[in-house]
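So, here come the structures, one by one.
Both of the next two complexes hold chain A, though its partner changes from chain B to chain C.
Now for the complex of A and B:
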């Protein structure tokens, strides 16, 4: 599988309701060792939503200060985004991701701590 | 240094389209896609970075993507070429750029540039004197 097989795929819950599309794939660095990189990146879950631009702006990050108007717009745009734990994914096929749970059981994605490069 | 284990990142936001820098500090393409390999327990791990027109074509989709993929396929000696694949084991650091431990000369990253150089640039009179 490739990342592009997931990104943009339609996400459907247990009852066949659409939750939008896969906007991002959250990775956690606790997989099997990958050479010099160390622990590999494992899929932790999916960020799903109806609005494409919301998570790409980066204003949903913790510790990022946005002008209040931008922050408010970003919040409105991302209000329907949900985090799907990978364990709830039943099937990925033909640009469609099927879940074992219901859409209203899912929570909003937790903001990740920092922007890339901010730590160095 | 690579980051501590257990950190989280969003693949499209923090990895895709990042510039790849090889072990000598030279540009070695961009992250166009990631290869995900299933483990026995149903989880998936990122095992490679896919780069170049062969990977980007599939991501773009539509007419442009098909054109990019077919040009790449035509330039490649193999019948059904895979995109340029960089094992995640040669990644040293993820940040604003993706840094590798290996030199790009050991990686098959500049196939298109080499093809253009051999087919077109080399035929221009005086091209043989061009510095590398």
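Now for the complex of A and C:
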């Protein structure tokens, strides 16, 4: 699978309701060693939302809070964005990602810095 | 000592390079019609360009990436394509105006019709871009542009009632016989002239071309913080000249020669010679900057190798865009379109395109992943946010005001 298969794909939950599109893919580098590349990458989860602009501008990351006006608008626009653990993904086909859970069971994305194993 | 000379030279270059055909025409036209009642816009515009040029220079220095590169990443390829088309169009229109401006300056000196001179001017611009080393190119035309100081000398010789000037400038009011929409239309034109987007395309790309690093940030700040305000001072001198000489006689500005009139009237033939040199340097320098910027924006969007520092074989597409833009600009100029009108349209459309350029710069200048400890200060962000609002309002209002006032008629 390529990253571009996922980015921008539509995401639907168990009941077939759309949650928006894949805005970001979170990877963890803890796989087996792949030649000179180092440890292989594994998909930890997806960031899903209806509006792309906030994550595009970088406001979904910790520590990016300025200028206040822009950060504020970005936060409002991305208030419906959710984190989907990869284990909840049932099927990826034809630019569509189907989930095993319901949309309202998902949580807002955790800032990257707070994820286990993240460098501080 | 060498460092000191470097900084001084840089600042002088920035002063001389600040004024271009847009500033010449807008300030002179506004002075003749509105006297000093729009002087405040020049001050606002200068603060704005200082703010965003410094940001773009800092971003380019630390990330080694010029403005349009950043714009594309932050807005995504599709949105940034719209941005590219708009920015390129505005930069191209400015290029047409600058090349025509060189020809008009030479017409003043030689009385040869500017249309005959246009092709040669275009060719000269291309040769300089192709052959002359980046820094030398900047220095020569920036320093020659200092000839425009003659406007300040002329104003000083004219000796206006300074109390009255300061009163008019600090108590702006719409003059009798002018409508409110016209007043604001010219305010936006003046603002667009001071903040033209190509200035940051060029400034940031120049930072990458000259391989600036952290140590150069001081030089960059000095250029912007000292050079641009002094450039704005030249703009105000041009405005004052026409406000004193043309406004009381009801003469408008629809030719470059009228911009020079206040100097010619006070300082005679010698003054006129100096002014023409200033016009030539200002328009030629800006033609180089806009010609290069046309190439910079396109190449940075598509991710092609770019720059004068890159071997021409490797940056063939970049140089191709520059050459084609210059050829096309000459062709447009030869259609006998009124160069002054082209200039006026170019600055108003610049105002429309401002948010497209300045918004992404403001965002990236705050990104610690790119900028490390050099992210914007609180003050810069507060000012930047205020300007963002001003820029958006100006951009939205520009076209309706243009239609409502029939482009300031």
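Quick notes
The rule is simple: the second predicted complex is superposed on the first by the 112 of 120 C-alpha atoms of A that agree within 3 Å, B and C clash if a C-alpha of one lies under 4 Å from a C-alpha of the other, contacts with A are read in each partner's own complex, and residues count from 1 in each chain.
Quick note on the criterion: a residue touches a chain if its C-beta (ideal position, glycine included) is under 8 Å from a C-beta of that chain, and two chains touch if they have at least 3 such contacts.
Fair warning: this is a prediction, and the values are worked out from it, not measured in the lab.
Contact with chain C, but none with chain B, is seen for A:66 once the two complexes are overlaid on the shared chain. Contact comparison for chain A: of chain B and chain C, B touches the greater number of residues. Legend: residue contacts after superposition of the two complexes on their common chain; A:16 is shown touching neither chain B nor chain C.
Of the two partner chains placed by the overlay, only chain B lies in contact with A:44; chain C stays clear of it. Touching of chain A by both chain B and chain C, each in its own complex, is seen for residues 56, 58. If you check the complex, the residues on chain C that touch chain A are 74-76, 359, 362-363, 366-369, 375-376, 381-382, 384-385, 388-389. Within the complex formed with chain A, the chain B residues making contact are 2-14, 16, 33-39, 42-47, 50, 55, 58-59, 87-92, 94-96, 101. Residues 52, 56-58, 61, 63-64, 66-70 of chain A touch chain C in their complex.
Against chain B, the residues of chain A that register as touching in their complex are 1-7, 23-32, 34-44, 47, 55-56, 58, 86-87, 112, 116-117, 119-120.
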